[in-house]
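Both of the next two complexes hold subunit A, though its partner changes from subunit B to subunit C.
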Partner chain A sequence: MEFLVASAIGVLTAGGIYMVLRLRTFPVILGISLLTYAVNIFLFSSGRLAIGAPPILQKGVETYTDPLPQALVLTAIVISFGMTAVIVMVSLGAFLGSEDDHVDDQPETEERQ
Partner chain B sequence: MTHWIIAPVVLPAMLAPFIVLAARYHIGIQRVFSVAGVLALIAIALGLTLATSDGSVMLYQLGDWAAPFGIVVVGDSLSTMMVLLTAVLALFVLLYAIGSGWDDRGRHFHALFQFQLMGIMGAFLTGDLFNLFVFFEVLLIASYGLMIHAGGNARLRAGVQYVLFNLIGSTLFLFALGALYAETGTLNMADLAERVALIDPEETVGIRITAVLLLLVFAIKAALAPLHFWLPSSYAEAPGPVAALFAIMTKVGAYAIIRVYTMVFHPELEVTAGLHDLWLLPAALISLALGMIGVLAARKLDRLVAFSVIGSMGMVMVAISLFSEASIAAALYYIVHSTLAGAALFLISDLVRHGRGNLRLTAQAPMAGAVPTAALFFLAAIAMAGLPPLSGFLGKLLVLDAAFDTDTMVWVWAVVLTSSLVSILGFARAGSMLFWKARSVTPEEGAPAPDAPPLLSYVAVGGLITLLVAHTVFAGQVHSYTGNLAMRLFAPEAYITTVTTTPGKLSKPKTEEH
Partner chain C sequence: MSLFLIVALPFFGALLPGLMNSAGRAACGGLTFMVTLAAFIGLLTNLPSVLAGEVVTASLTWMPALGLNFTLMLDGLGFFFAFLILGIGLLIIAYGRHYLSREDHMGEFFTYLLLFQGAMVGIVLSDNILLLLVFWELTSLSSFLLIGYWKHLPEGRQGARMALTVTGMGGLSMIGGMLILGQIAGSYDLSVILQNREAIQADPLYLPALILILIGCFTKSAQFPFHFWLPHAMAAPTPVSAYLHSATMVKAGIFLMARMWPVLAGTPEWFVIVTTAGLVTMVLGAVIALFKHDLKALLAFSTVSHLGLITMLLGTGTAFGAMAAMFHILNHATFKAALFMSAGIIDHETKTRDIRRLGGLRTLMPVTFGIATLAALSMAGLPFLNGFLSKEMMLEETTHTTLFGSPMLVPVLATIGSLFSAAYCFRLIGHTFLGPVREDYPAKPHDPGPGLWLPPAILVVLVVVIGVAPFLAEPFVKIVTASVLGDAAEVPKAYFKIWHGLVPALYMSVAALIGGLILMAVYKPLLALWDATPRPEAKVIFDAIVESAAALARAVTEALHNGAFTRYAAVGVAAILAVGLHAWSTGTIGAPTRPFEMPELVPMAGWAMLVAATLALVLLHRNRFMALILIGIVGLMVSLGFVLLSAPDLAMTQFTVEVVTIILMLLALNFLPKTTPMEGSALRQIRDAGLAIAGGLAAFALAFHFLMREAVTTPISEFHLANSYKGGGGTNVVNVILVDFRGFDTYGEIIVLGIAALLIYALTETLLDGPVRAKLLNRVPDQPQGGNMHPMMMVVLTRVMMPIVLLVGFYIFLRGHNEPGGGFIAGLVVSIAVVMQYMASGFSWASARLRYPYHGVIGAGVLVAGLTGIGSWFVAKPFLTSDFTYVRIPPFHEFELATAALFDVGVFLAVVGAVMLSLESFSRLARRADMEDSEHAMDIDPSRGDAPEQAGG
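Entry: the complex of A and B
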């Protein structure tokens, strides 16, 4: 299981970074989504991986899983979801306004007001 | 346990939804509540600063849960000083936004402004790295809204770059936090300080990576070269008062570096040896040089000011990366100066935009309200470039003095002095082009002359300049205050014991079952 989780984080991060380095907003936003998935899994596994162990104290249970990373990852998911919604709206506004979805500054737009 | 320490976070957090829900369509009511809220913030911040000025540490445990388990808000003299600086800056920025009418050019300016203040205050006061992340996100979400306030294509395009860059920064922050939690099992800063010191020197791979990742995240916030690319276009395209408020945001990064790298990964720690002098100092020197070259090379006033902010952040980081008591004291003095001077320059560039319609550094017909704007620009440029008699000069002198006994003295002195000269040239060129060359250009026949900027705008900028003058006149008192503060930063035992030993729920488990 460790190999599966680690390779999932690695593949998602690599794909995310590749997409972020593209020049158009759509692949960049997809890349950021992949990166946030990767970081969510990473946070989740930062409390060590355990199968079938409860996070809350119960009678007669010996092994527990760490509940804190689950709370952290919940916060991170909410924040990254909200942020992705914001960036989609802002970049949509920028695209509709200028008919151009490049992320970088174009040379001919240097002299704009 | 006093409740006042959380008031700087709670007050704007309550005020912002109130403004959205109750005063949505009444800009007058919004203005009254916003200004009243900021005035109350200043009063609270003054009280907190006085209460912590003797070195005492104020702790607030949310829900009375004890430190490593619960969320804590901690106010020591560094936090309260930054809170006071933010509140004072916010007042003048808000007055300018009201005076110039910027707040009425789009919806929800005041609500976003309050949310932004909430995020900044929270980032300064939290005692917990995950909440530092959360408050970073609060201030970033509000800043996205403020950055594209009043819309426009150029602003939206710059906004996309700004948001994307910060999203990547946030992801990096989460990776750092996950790694830190996996290594130490805690994210409370005081608890981390104790646990990082216990890590076996043989097994430090994870903690080293974490320390560097955290430094990268804070360096993005502080716009340190080579991670500064987000700053020039986003600050230049943001509305004038918003850019002025953003002058404190880069300082949040500097604050986080001071806090984490004096307490958790302090300079004597073997694990992170070499991080400050080998990596941070060259990056700081490069961003100082780069910022000031940018000042000379800029073709528009807003870019010039943005690059001067990068340069002054480089100066702050040079002082921080020396990591001695004298240099941190100098850095804190310079942080106050650079926030006020940067904000004043952004507001002045908005005055120029108001007076002549654009910010290109070419000779054009005289702008409306040229005389007071020119006087204010002259003073602010002197302060930012670091010429005597204003506080930029004193701050630079303190940094140079702190670097005098170190091995890197030659580099620091050479870069600081050369870049000062370059920035003086840049500001002088811009000022003479904007205000003197304009005399030789006759205005076009029939071109509509813009109105002079309103009085309240000048009052706001004048207030910031007055604060700079006060910062110079009372430099002795301010420096001895920051000196004591730096001394306490290098002996964080009071902070750590207050956080970890104050009793609350869960501090003493009744039975041993777990």
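Entry: the complex of A and C
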């Protein structure tokens, strides 16, 4: 199980980095989303993995998984939605204003300086 | 009056002129005057204690761990300077009220002036050197505002910038010096530092501390080689020049040298540095002043020269030198403020300050002539005026000073300085007031009203009184000197009198006066000679230094930041990888402590889908709709992973967030290109792929290594598990952590979420207000449009589902404390229910039924959560302490009531508001001009053209 989770983190990170390095805004946003998944799972797994031991207290049950990373990741997921929405809005505004969705300054804008 | 109040009055008073500006100039100036007068009277109430030799203190603990306390003290020295600052401040305010013209914003001016005044009073009353540094920086900032007050003048702006650069740089250096000093003494309180003379002077760090502090003092007090900023600061309105350069700003450096005199002075290093700098400044300033044609520039350089004189006296390190310095500070403040104000009057009435265009004003402006002449003669050092007395004392002191092994060097240079000083004073009188009346003044000169001449006249009365009856000033100057000297030396016995007998100082004085007259006689050839001599222009050098520093900064910045985001991202990834690799190769890794388990089939299948979807996303991302579907699969698999790995709350959150994220992306994609073009070279793609694979491997290795090992220490969540039910009253530990243990975190997070949503709303508003609006309204959709905008099946279904989904949300919310669920998830579920209505029935239909704006919902959520937290104050518990109880209302089962549930309501509301405000903002962009707003839910898009006509809504 550990191998699966770790390799999933690796694959998501790799995909995220590659997409973040693209030249248009939309793939960069997708890349950030992939990195968000990777980071959230990474944080979550810092409590180590457990199957069938949810942190819901029950009589007679002694082992529970670590609840703290879950609480942290829960808010992280919601916040990352907010941040994704902001960055989508920013890139949308930039595109609507200039008809251009490149993430880098384009050569002709540099020449104007 | 409490010292706190004296310091605070100008700062609080600074609010008033700005508010009173519309009440008229008299009210504005009068109020400023009253504020300063109150502080001045407050200061005077402390006079008896100061005269009795006591030190008045007031202290307030601020950050004791850092040694930073709000400690004030008032001794003779502090009283003297505070008296000058507030006393001359009163005259300047009275003068400034009449000086400023109707175009000048008076409230702004007096606000700056009071801020500056407060900062200066703060410096001279501080007992803690860190506090002193704070006020020190405040004077730099507020003087910047004052010098640059006439924002329309380029000289004003440049002068203000130069003053800020030089004094700010000196301030930085001083912070370093003061910190070293505090470290040596073991305290940042002046009263302690001043007791540690031997320890400080014996410390190896004494010299660095001394040099750093002196740079701070020299820059502030315009000592060579930092003297050049002061003349450029003359672009300020004259009241500012008179205030800053006679009694306050430039005296701050002198004050600090005097304040630190007991611990820093008396060593050979102090003597050589301070005396030399003072001597050079004194002579240089006097020589340059003689050849300046602008009245204020002449006075500026004479100020530089006199500051040099005072610095030199402090540098000698003798008690007599210190006393002469204190006396000269008093005298200089009186005659120089009077002279500046006179220069302002001349400028005001004749519209020029150029001496070459003046002359003959004696008969036209007799009052001004009288004031300026007496003040200038005092500055030249004529008997029966106060300048004579302190100049005699200075010359007397120089005859006992041996610098660089030569007993003649200091007296000769001091005499030369006095000679030039006398010469420029004579020139000031001669070329401005004497001579024939001219016909070509820019404006017809006449004496101003008493509002302008009374303040300098009061000062000139002091000049004469002290000059004729020096014994009146003697006790006061001696008290000040005593507090400068501290325990380091005895106050000299010497009496202040006009006639000391035929001493060397008298001969030197006479030589200076006669030499000054001779220089005046040969002024024309001298001026020609001066104009012919090449000399370095300080402003050019300064500008060149600033320019080269800026060029260097620009070169470094542009090499690192060329505006290409992808470049930063690549450099960032590579740097993180390099650091990680270093840690990996130099650290040690223990053996795995957890068993390696073969995964079962179902998790394997989920993993395979996640990996396949990610790879497909990377390969097919150019088709943007496809990419969205693929990222949806990834998110779904992540949610399922959370289900498997004992995190039901996370799974629910991830799943619902996934839904709203995809809707959001679809809304955005509506306006964006639907495909990504092929771009970037193959080499570049290989580089990116290499970076990505390296990053992925690193993340995998890191995760796998810690997953195979147990935590090194017991996780703190043991506490959470043990206390969740006992202390928080809930069995869902994750929810209890969110709303109880770490409630403050959550509170911050809902605020962040709310801010993000408001930011999106604001950006949308900006877009819709700007040129984009027309573009959006006239947009022609780039995709084929469905004819049926609001399909009947969907409308009916969503409306039927709405109450059910709301019920589910309510249920999830209620059970959250004990079972998976809670405010976050319930908020997301309810948002989805509302979004469905927008999607199915249309934006207008849904908006028309919206009773509360989403901003309000966010605000209510934050407010509810915050008030719940504050509620615990009423039972004397810290913020957000929760409480719960069990109640039973027959015939229902016993149930729990917890304050945490109320907090969760806040979370719920904030989440609903934030999600809905974001999505609604995006939808608002989609309105087009060719579509009518329709309140009908089920209608046909009329823009499609081929719509069946009978199917209207």
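In this section, the second predicted complex is superposed on the first by the 108 of 113 C-alpha atoms of A that agree within 3 Å, B and C clash if a C-alpha of one lies under 4 Å from a C-alpha of the other, contacts with A are read in each partner's own complex, and residues count from 1 in each chain.
The rule is short, and it goes like this: a contact is a pair of C-beta atoms (placed from the backbone, for glycine too) under 8 Å apart; a residue touches a chain by one contact, two chains touch by 3 or more.
If you're wondering where the values come from, they're calculated on a predicted model, not measured in any experiment.
Q: Based on the superposed arrangement, let me know which partner A:Ile79 touches: subunit B (first), subunit C (second), both, or neither?
A: In the superposition, A:Ile79 contacts both subunit B and subunit C.
Q: After superposition on the shared chain, which partner residues are touched by A:Phe42: those of subunit B (first), subunit C (second), both, or neither?
A: A:Phe42 contacts both subunit B and subunit C.
Q: Counting only touches as set out at the top, which of subunit B and subunit C does A:Ala6 meet: first, second, both, neither?
A: Once the two structures are laid over each other on A, A:Ala6 reaches subunit C alone.
Q: Determine, for the superposed model, which of the two partners subunit B and subunit C contacts more residues of subunit A.
A: Counted on subunit A, the partner with more touching residues turns out to be C.
Q: When the two structures are overlaid on chain A, which partner does A:Val61 contact: first (subunit B), second (subunit C), both, or neither?
A: neither
Q: Name the contact category of A:Ala53: first (subunit B only), second (subunit C only), both, or neither.
A: Second partner only.
Q: For A:Leu34, using the defined touch cut-off, is the partner it touches subunit B, subunit C, both, or neither? Pick first, second, both or neither.
A: Touch partner of A:Leu34: subunit C, not subunit B.
Q: Would you sort A:Val20 into first (subunit B), second (subunit C), both or neither based on which partner it touches?
A: In the superposition, A:Val20 contacts both subunit B and subunit C.
Q: Need the overlap of the two footprints on subunit A, from subunit B and from subunit C, as residue ranges.
A: Common to the two interfaces on subunit A: residues 20, 25, 28-29, 42, 45-48, 57, 68, 75, 79-80, 82-84, 86, 90-91, 93, 97, 103-105.
Q: Flag every residue of subunit C that touches subunit A in the complex, lowest number first.
A: 562-567, 569-570, 573, 594, 596-597, 599, 603-604, 607, 610-611, 614-615, 617-618, 621, 624, 627, 631, 634-635, 638, 641-642, 644-650, 653-654, 657, 660-661, 664-665, 668-669, 671-673, 676-677, 679-680, 688-689, 691-693, 695-701, 703-704, 706-708, 710-711, 715-717, 720-721, 724-725, 731-734, 737-738, 742, 745-746, 749, 752-753, 756-757, 759-760, 763-764, 766-767, 770-772, 775-776, 818-820, 824, 828, 911, 914-915, 918, 921-922, 925
Q: What does subunit A use to touch subunit B in their complex?
A: Interface residues on subunit A, with respect to subunit B: 20, 25, 28-29, 32, 35-36, 39, 42-43, 45-48, 57, 68-69, 72, 75-76, 79-80, 82-84, 86-87, 90-91, 93-94, 97-98, 103-105, 109, 112-113.
Q: Mind listing the subunit A positions that touch subunit C in their complex?
A: Residues of subunit A touching subunit C: 1-30, 33-34, 37-38, 40-42, 44-58, 64-68, 70-71, 73-75, 77-86, 88-93, 95-97, 101, 103-105, 110.
Q: Going by the contact rule set out above, which residues of subunit B touch subunit A in the complex?
A: 130, 134, 137, 141, 144, 148, 151-154, 156-157, 159-161, 163-164, 167-168, 170-171, 174-175, 177-179, 181-182, 233, 358, 513-514
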